[in-house]
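Across the two complexes that follow, subunit A remains constant while its partner is subunit B and subsequently subunit C.
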Partner chain A sequence: MSLAITKINPAFVDVMPQEYLDLASDGPFAADKSVKDLGTFKELIEEHPLCAGCNLALAFRTLISALPCPEDTVIVGSTGCNSLAFPQLAIHNVHALFGNQNAVASGLKRGLKLRFPDQNKDVVVMAGDGATADIGFDMTMHSWIRGENITTVMFDNEIYANTGGQESGMTPFGTVRNMAPTGKNFQKMNVPEFAKQAGCVYVAKVSTANTAKIGQCFRNAVLAAREIGPTYIQIYTPCPTNLKMKPAESVALAKKRAKEDYAFEEYMSEEVENLLVSSGAIKPKVKKEEGKK
Partner chain B sequence: MGAYQVLQGPEGYLPPAAAMQGVTLAGPGKAMIEGRHVEKQEAIECIAEKLLGATVPTFFPGPLVLWRTTDYAQERGKLIREISAEVGAKVIPMPDYRPKYPMINPEVEINPNHPNLTIWFNKIDVGVFIGVHCHQANLALKIIRGGTSCFTVALCAEEGHEEANVSLRETDNDTLRKLLATVKDLKKRRA
Partner chain C sequence: MSAKNLKEVSTEYMLFEAKREEQFMTGSEAVREAIRRANVDMAIAYPITPQSESMHLIGDLYAEGYVKEYFRGENEFAVMSQVAGGAMAGVRMFTATCGPGTLRAFENFPMWAGARLPIVIGFMTRAINAPLSIQPDTIEMAMLMDTGMLMLHAENAQELYDMYLMSFSIAERTSVHIPVGIFVDGFFVTHTRQKVKVVTEDVKLKPYDPSMSPTPHIDMETPPFRYMKDPFVMKSNYVSYAAHASWQQECMASIERSRPFLKELLGSFIEQQNPDAPIQIIASGTAVSQSREAIKMAKEEGIEVGLIKVKTIRPFPAEEIRQALSKAEKIIVPEFNRVGWLAKEVASVIPNNDRMVQGPRVFGGMTMPPDVIVKVIKENALFGV
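Up next, the complex of A and B:
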């Protein structure tokens, strides 16, 4: 049934716009595509109204290309810059109210489990740092505590970008923003650690400095959420508009931060590790002593 | 309440929702013409007459018929194309509900959130919606009634639409066959 919705009724092939013909013939549906295949297939998001050099757009495009089963995935978004791109996405997506995205995703996942008990339906939340860690923090945390089978992705640009640059919980200590002129006077929230403590079975902290890593972690997270429990990915996505950078400089900033305070971190429970090893998604870890031998 | 008629537009910017004006959906086996409850056959004849009398009749098939490959859906597709061919109608699809900004090609597709643009561009005077999810159909129908003079027809597989000028409910393939037969019959009589 799921793939039937990606095929065009033969009676209408001659009147379908080219974009949809391309999606049906060269889209990623039922094909094992990944980030490294970008440019070789029709993407599910091609046009969006985000700013030039937006790293959120880069991360978004990367994530969508790494979805294991796009035809069986529903993405839940929330208010923020990313919500401007969602309407252009050619797979099912829901715009939740500001902050309640993880509650919506929880209900959706449970409903899909009841409606399609024999199929895997992935539910992924994609929201900014304001929606995930400030306004929706209670709903984010409780979905993890309840052990919902959903993946949560935070686009961390460390600012409320589309409302002019207010500080968020994710803004680093002391940072001055357009609408936070005296500098932030408390620490950046350590959401990956909260996620671990709240029961997430897979947690990763990445940046747009390494898009291949984003794709790989996201895939792992979706597979782990499908089989085991809640998963969380936090992606550093600097905003050139608010940080007053040239668009071309934003990835350089992501690379710089990746070497400083936004280095790659990954945590997975033993159960997830066994799952990912058995499915071939990752290689088994070799203990140091065994490696020496 | 109850006197409100769902007439051909333009009703004006932000037309009142027909449901708020007291227009109710017809019951099983019935249909609606301009908000009145009528027999299904009367509505089918009305649709056939409107289609044959139109200058630019157009079918707007939605995702529920465009993206289906079951035998039933394929047959439904064939019937829609047969009817459109019989009345000389265009077929402009609404493949999904993405807003399609900043631009679309109104010759080949319809922006679900600005259907009036495609109707104005093509000078469509009778538009038939089929296979569009009900929430989106109501939105599109209301926009069309508000801003254009297009006569709207909803061939709904569920309970029908108050916002359409003519609305059928439970439009299955048998109903489409009846519509096709009525069109052919009317054409023969007119010839």
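Up next, the complex of A and C:
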């Protein structure tokens, strides 16, 4: 635990911004907060500049509030809309280059293991679909293949949102976007499947249709990455600005897609299941035969 | 000797006081022997000729326990990003590459400097495609000139060994804290055997002290907890532009602030021989060794030629070079590359640069026999010097 850094020097209290004072006195550090506690504590994200109705912002806020150990977590982001929220975050975080997030996180995690061998430090990557599946795809995959103890989160808005709405590898087949003027002519990349094949021990596909689920899966993923191996969460986060819809309509779209082609999926290795059950994070699954009895 | 229970010593002790013994080794082995004593926490490797052997040997050091963490990354861009991650976590990092690998990794180098990461990186210089060549050529140095890293150019295995040992201390000074690139001409030095005086194996450098960093590490231990490495300054307002501009200036200033430390450990930025001769050769790397031979040959024919060896390319010893060349009538710049980056740098800092002779230059893997330089000396001696 490193709570010392959240303590404010008494000599500086009168000049510290109110939100910093609030974080120190009422933040989630060492307080075991979760998504359901939102509204009862001072959140780690303050005044982000993302668009109204941005589902990435919703997912971001949900994830940050679900961190199992924010006082010992560091986050690596990448270039994109999400990178505009990172400077507003009260946790040590990195923006290095576009696409190299999983490589930076690999070095960071190993470095922290060397410096703090007896202390846990969770390393989480949060990046968009372009950063994760296109420009940084080799580094995403190789961090998984090497078995790095990091959690990778993809904000999948199926578009390069920050550069003005270009097609990405995660855009569904046939969709017309900038740089795919006649419609995308190849399939959406099946990154959750790639993740399993590359050695991720926990993989979940969720959407902003169910924020409680995002929080739950993320917590599982961080705990599994800490103890066992790489984990991956893919979150559908529709972008009202580029999809040219009203902000209020974006969550409805997420709910619609969750019923159609973006339904909740979760995979975990037996080792992860045992870990999560023994730590009380999930309930043991009732086997089918036992259920019949 | 075992990696355990080594005595931790200062860089000054390591360089100037520690007992040394002479060994016969390749340049790559000299890299290994320097890193063995450098107390490196993590090294990340990716193969490319002629660098590969060096990072194999660092792998051996990991197996022996001299380096705590080591792995092969997936390509140079990834490796330089992984090295950045390690440095952000606050541990001492090392890697090496060359030629095409340097260019593959390129986007990382200005990021390292901007993020104030004290990474030491070896460049065993090599030609760049196309056409494909694995042969020696120093053209990549021209491209790295303005990335914000310190650049030292070693002439031989001994200098390479000593430069590595001093580089960590310079990179990690609070007032510097930027990457240091150690350059050596691939094959010519890495793959040839030379006598190297190495320090005995019972000592290592003191570890990196993360608390000396001018910017916090990413560890949730260093205040403030609201901290990003490195925040964007891309809002469309003057404060953003000024923040970006002043940070670039600060990084450039940190290169200048390395001068006293470099001077102390390196002795001097340039070395001179025969300073009063009207013809002066100025060179770095193995071009210096070839020039030395050429000067001997010219002397036998009655032509006096001086030599200025440049050891640091960044910071560039402009004032030292200006003074050393103040009386020169002809200035010859032999180089192992097409673009003549050293000639351009020298021309930019001296008055009357019509005194300069462009070349001789060899590239694409060619060697530079001393007679090539002698020929240029004679051509210039004939015209009124």
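Definition applied: the second predicted complex is superposed on the first by the 290 of 293 C-alpha atoms of A that agree within 3 Å, B and C clash if a C-alpha of one lies under 4 Å from a C-alpha of the other, contacts with A are read in each partner's own complex, and residues count from 1 in each chain.
We take it that contacts are C-beta pairs under 8 Å (C-beta built on N, C-alpha and C of every residue); 3 or more make two chains touch, one makes a residue touch a chain.
What you see is a predicted model; the values in this text were computed from it and never measured.
Touch criterion not met for A:A225: it reaches neither subunit B nor subunit C.
Of the two partner chains, both subunit B and subunit C are touched by A:Y20.
Here subunit B and subunit C are compared by how many residues of subunit A each touches, and C touches more. In the superposition on chain A, A:A198 makes contact with neither subunit B nor subunit C.
In the superposition on chain A, A:F12 makes contact with subunit B only, while subunit C stays out of contact range. By the touch criterion stated above, A:A161 is placed in contact with neither subunit B nor subunit C. In the superposition on chain A, A:A90 makes contact with both subunit B and subunit C.
Of the two partner chains, neither subunit B nor subunit C is touched by A:C51. Of the residues of subunit A, those at positions 4-6, 20, 87, 89-90 touch subunit B in one of the two structures and subunit C in the other. Per the touch definition, subunit A reaches subunit B in the complex via residues 4-12, 15-17, 20, 49, 87-90. On the side of subunit B, the complex with subunit A involves touching residues 61, 65-70, 73-74, 76-78, 80-81, 91-93, 95-96, 98-99, 101, 105, 108-109.
Contacts from subunit A toward subunit C in the complex involve residues 2, 4-6, 20, 23, 71-74, 76, 83-84, 86-87, 89-97, 100, 103-116, 121, 138-139, 142, 146. Listing the residues of subunit C that touch subunit A in their complex gives 41-42, 44, 68-69, 71, 73-75, 77-79, 81-91, 93, 107-108, 111, 115, 210, 216, 218-232.
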